[in-house]
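Both of the next two complexes hold subunit A, though its partner changes from subunit B to subunit C.
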Partner chain A sequence: MWCKVLLIDMIKDKRSQNRSKVNQNSDTYEKAFEAAIKFSRVVQNIKADFKKNKLIYSMALPVLCYYIIFHYAPLYGAIIAFKEYTPGRGIWDSPWVGFRQFTAFFNSYYFARVMKNTFLISVYELCFGFPAPIIFALMLNEVKNKYFKGTVQTIVYLPHFISLVVVCGLIKAFTDSNGIINDIIVLFGGTESSLLLNPALFKPIYVLSGVWQEIGWGAIIYLAALSAIDPQLYEAAKLDGAGRFKQVVHVTIPGIAPTVVILLIMRMGRMLNVGFEKIILLYNPAIYETSEVISSYVYKVGLQQFNWSFSTAVGLFNSVINFMLLILSNKISRLLNDVSLW
Partner chain B sequence: MKGKIRRRIITIVCITLISALFVSCNNERNGSNGDPNKELSVWCTLYADIALMYFNYAEMPLYKELEKKTGIKIKFQHPAAGQQSEQFNLLVASGDLPDIIANDWLGYPGGPERAMTDKVIIPLNDLIENHAPNLKKFISENKEYDKMIKTDSGNYYVFPFIRGDEFLYTYRGIIIRKDWLDEEGLDIPSTISEWHNALTAFKKARPDISPLTFSSFAGAVAATSAFLGAFGTGDGFYIQDGKVVYGALEPGYEKFVRLMRTWYEEGLIDKDFATNDSNALNSKMLSSRAGSTIAQAGSGLGRYLDYAKQENISLDFVGCPYPVLTKGQKPEFGHRMSSYEGIGSYAITVKCADKELAAKWCDYGYGAEGHMLYNFGIEGVSYNLEDGYPRYTDLILKNPEGLSVSQALNGYARSLSNGPFVQDKRYFEQYMAHEQQKEAINRWSNTNAAAHALPPVTYTEEESLKFSKIMNDINTFKDEMLIKFVIGMEPISNYSNFVKQLHIFNIEEAISVVQGAVDRYDKR
Partner chain C sequence: MNKKRPSEILFDGFNVCFLVLFSVICFYPMYYVAVASLSNSSMFLAHRGLLLKPLGFSTNAYSMVFRNPMIVQGYLNTGFIIIVGVTLNLLMTALGAYVLSRNGVLLKNLIMKIIIFTMFFSGGLIPTYLLVRGIGLYNKIWALILPNAISTFNLIIMRTGFMAIPISLDESARIDGANDYRILFRIILPLSMPVIAVLLLYYSVAHWNSWFSAMIYLRERSLYPIQLILREILIANSTEAMLGDSSDVAQIGETVKYATIIVTTLPILFVYPFLQRHFIKGIMIGALKG
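Take a look at the complex of A and B:
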């Protein structure tokens, strides 16, 4: 409605302008006029579209609500990172303290450690956790026996359905000084020790157990991408004399490359988001040095030590870095191979 | 046209249903504050043993009886087990408070005074004066409790859980396999060198086991100062010659760390001691994979002895006196709780609509009837009076359904956990069913720990902010370093660096804050 009003105003304006014969700005005016018409058309199109497909749009409503309620509305609470929040005073009435919480974090004894661990675990996960399902999917794709393939696939993605608490219990039992891993070490002439007491071993244990748990589940999307590759391409490659390996290199991998890139970008966005649950279930004071990450630190400081503002500041800092990483990786990907999220 | 009407009807029905949902949610919320039915909402921990039988305290016979006696219906809200402190924080942060909250208010960041300025709980001075006759009488007769349950500025803040007798203060200490000692022909060890002998003998006889094990090592040492006390040092803040000191800065602490390191190297301490949780610990103790540990009289020693009896296996534990350096010395440190620790204490929140009613409900436990109900349960069911002595029935002591004493007792009374009442010594006398338990308590309580204990001090808001910032860093750091020293990740020669780092964290400031609070407490 207001578009029409705007349009009429403009037309009137134009007429009066013509009459006064002041044509200095007529060029820009022309452009603005066209843009306004274009805009009103777009609005009208959207309106018509809404009318036509209102049921389809209404199906998107719950998702929209979900994001507004659980992701955008809570952003308001992030302002306590710049305050000294106490629940009695509430979010708004707590006093502003500027960047004090942030500087306190940067100057903290634990800052370097927490950043380093978060970064290293992310990089290890990217290096080992990301390619593992791709390799697994490629290997599975080469298996011709349907039953064998099905069985392997089922067994491999079972661990995904085990609750994290149970998985961590398993990991603890396996790495115990009487656990199965130590039994194997002793068999080969080593000495037994509690593996989770060794700071150097925490990251490998964390990353490898993650690979074990998620490899099958992660492979599903690649298997779907693989099945979408046109079989004619394989036939053509065969006629050209390509063996199994060459087919993989020249047909299969290019075929799933867009999927891989998109998933990689999305993964970069979550790069420093190392979840706290598994860390907290696995760590102990002896290995804080290599296991404390940003999220577990936020949990500890905020929810166990009541330091709400400080922990919000740490969390916000983490999110900002994630955001920058996401934009950066998207840009790089667009430059390198024209595939990007936006 | 018809379709349009039908569609409109469907829309209207949908909207009504959705709004009905919201309305019913709102109603529920109103109900908890509503006074016409004399109803109150209480937030408190559901203890694991009780959770075995009841999902909610309201189902417990004790609380049904309490409702009959007081005419007040209680709606209990329980946090998920093991997440009390997190959920308490969320509860406070949400501002959606119930009428009454049971918690450790001394542990509230900033202390009880801060909880009042945060507008979480209210000062109880007027309520106790006018509406809590039982508690008023109790604290006027026992001035030392009066001092404990108020802040420096004189505000009462809780209906406290109070241990009514010295006999109830000590229940944690070191236990050792008596049958293994007998095998080796050794006496119960009482000095560090005797301990070394005994543990080495255990290791020699059974190379596969761990002679000494722990679960949550730092916590166990903090609570009991076992082995540490031999070097004339306690853990955390304590009082030495009238001054507040911090254990890890004292020379004895380094000696203790050195001792633990040597024992660990010699294989006398469990290799997994830092990762054991309580389940792992119990299974090690019961399957003869460990010879000694720090345990509680009831849930540790008592449970192990019960198990041995039930399964008919030869497994015998005794409690050992806290070790010293020279034989015959009286241990300086050991486990000793004080009569009021802060835990399980009931405070009334600012959101409570009928504060007098809440005070009345909380006050009931300090009267004669409430005392018996909370401590012993229901007469004729869970206890009988024999010559004035409330004796638990076989329902508790020899439960027909095979429940352990602690489980059965937890189902009928709160004496084993906590609540707004004074804990009765007579519960403990019966709960310690095994001779070994009574013996252990006697040995464990024979220390000078009372002379070193901090009173239940409170801090000002500013002090507590400073204190918690310093101590949060220090506690994490200390736990980590302690274990690293013991397992050899960090050479003991770096102990001086450890102390230096404590100074960088500003431990002096924390000590002076505690000292100031103790001085104010003494002046109350």
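Take a look at the complex of A and C:
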């Protein structure tokens, strides 16, 4: 059936095309004329708009300048990923080399390592860092005493306000061979060792300290979603004989599910987007093998070894992947929830 | 109805215990640092295990920290960056948000697209670094201020705040002869104080925490912000940075480290419970945007 309809349509199209060929010349003139009128109208509109809103545009000017200089100029600078950049010759005059920097990265010994570490850290953060605030919010929501609730909240938000440098300093001091964590390990009959020198422990330390720092803060949005749940639903559940646990499963969790789904999808869009600041504060040569991620590798190769073009290529590769993941997750979110970032 | 079943009591009991335990885990590290910083350094070094109160009492570490010229200088630099930086941040963000919240501006959508795009795609670390060097900001404190003049996320928060103000207000002002600048500074901004407060906090915290740009753009140590000094003391374990010029008693090092953390973190931790409300408001406004 479908094919037939399509075929008939195509035939009709052909016929009308043939007919229009006769008048084609006058048609094009007409079209050009219309376009010219349209264009002049647009120009007029823009002129009128500039006159009316000139002050608004004068306000937009510094903002646009900022974005062009500090965001779009680096985008132009990113073309050195396709060149062999040397500071002496500048961005434009350095010779083009095509995709050589990219293939060099893909073939390098570090490619598998940084991809694996970036991916694994993302996955661990998704598995532990994502559900932790939800569970915490659910537990806090079950507490009826306002003062207890407030105190717990205030304390658990605390680590969020400690600067990253200090947090990493604490991690370093506590995981040191005579640090407090080792003291506790010894207490339970273990042997002490410098935990940050053990490659197997870097990812757990990184992820758990992240959970520690952000669990309370991450819970805020869920607590808001929880407080928006209609209390009548709980009353109804109670009348139906649901205990507290049943109420959580059948009222609370469905109530925050939409928020969770949206945040999860947005989180997926940031997969492989592992920041370098915490990594380069924590790592040391003994554990490069398990701690080097794409962004920290960009920093090391670019700003410590001055391999400008290569490191720009690695960074660009990461940006492109992140961008594609974001678009993908946004599409999914739009399909499922009708919610999107743009 | 109000009588609790045994299972519910158990449920509540577990829940409360867990939350208390959790609070302790979040709180204890800071407490440990405070206690350690007040301890006698040799006793502290010999000690193993948890600390509940200072081991011997000594404020040596603190006098060491306050005698360190680098820390004082770092505080001053960070203060400058925050005052100048946040003023610029708020001004630029307000201008951008005003433009993007007006109706009937023909190129508004284009400007919006230009801005939003930068949130999702950037040239990357190296091109930005080359640019900052290229425009002559290397080794200048402005390298920490100008490239961060606007955070797009905060711009969107402020725009949401501006759009909540009834349009009739600025229409009537316009009839009274006020131009856009007057409307922004005399009507919109005074009415958006809650949003301004939120962004003031967000921007200040961002400047306070930032250390990486300082590390890559600044060469002169006298320009270093406090976080970069902290990095030397805490991460690179440099005793030179820790003790300043006076190179006596290296063994005091450990407690000096903790005292430094307290000196640089306590101000924020004291202020923040009072500001918590505003921070949370910011999260909610940001979330509404979607």
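Brief remarks on what is shown
The criterion applied here is as follows: the second predicted complex is superposed on the first by the 251 of 342 C-alpha atoms of A that agree within 3 Å, B and C clash if a C-alpha of one lies under 4 Å from a C-alpha of the other, contacts with A are read in each partner's own complex, and residues count from 1 in each chain.
To be clear about the criterion, a contact is a pair of C-beta atoms (placed from the backbone, for glycine too) under 8 Å apart; a residue touches a chain by one contact, two chains touch by 3 or more.
Keep in mind it's a predicted model, so treat the numbers as computed, not measured.
In the superposed model, A:262 lies in contact with subunit C only, and not with subunit B.
Of the two partner chains placed by superposition, subunit B and subunit C are both touched by A:172. In the superposition on chain A, contact of A:199 is made with subunit B only, not with subunit C.
Of the two partner chains placed by superposition, A:39 touches none, neither subunit B nor subunit C. Of the two partner chains, subunit B and subunit C are each touched by A:308. In the superposition on chain A, A:186 makes contact with subunit C only, not with subunit B.
In the superposition on chain A, A:73 contacts subunit C only, with no contact to subunit B. More residues of subunit A lie in contact with C than with the other chain of the pair subunit B and subunit C.
In the superposition on chain A, A:140 makes contact with subunit C only, not with subunit B.
Overlap of the subunit B and subunit C interfaces on subunit A comprises residues 172, 178, 302-303, 308.
If you check the complex, the residues on subunit A that touch subunit C are 45-46, 49, 52-53, 55-57, 59-60, 62-64, 66-67, 69-78, 80, 91, 136, 139-140, 142-143, 148, 151-152, 154-159, 161-166, 168-170, 172-174, 178, 180, 183-184, 186-187, 212, 215-216, 220-221, 224, 238, 243-245, 262, 277, 281, 295, 298-299, 302-303, 308, 311-312, 315-316, 318-319, 323, 326, 339-342.
Remark: subunit A residues 86-90, 108-110, 172, 176-178, 192-194, 196-197, 199, 284-286, 288-289, 300-308 touch subunit B in the complex. The touching residues of subunit C, when paired with subunit A in their complex, are 1, 5, 7-8, 11-12, 15-16, 18-20, 22-23, 25-27, 29-30, 32-33, 45, 48-50, 92, 95-96, 98-99, 102, 104-107, 111, 114-116, 118, 120-131, 135, 146-147, 149-150, 179-181, 184, 205, 208-209, 211-212, 216, 227, 230-231, 233-235, 257-258, 261, 264-265, 268-269, 272-273, 276, 280, 283-284, 287, 290. Only residues 85-86, 89-90, 92-95, 108-109, 114, 117-120, 218, 271-272, 274-275, 468-469, 472-473, 476-477, 479-480, 482-484, 487, 489, 501, 504-505 of subunit B touch subunit A when the two sit together in their complex.
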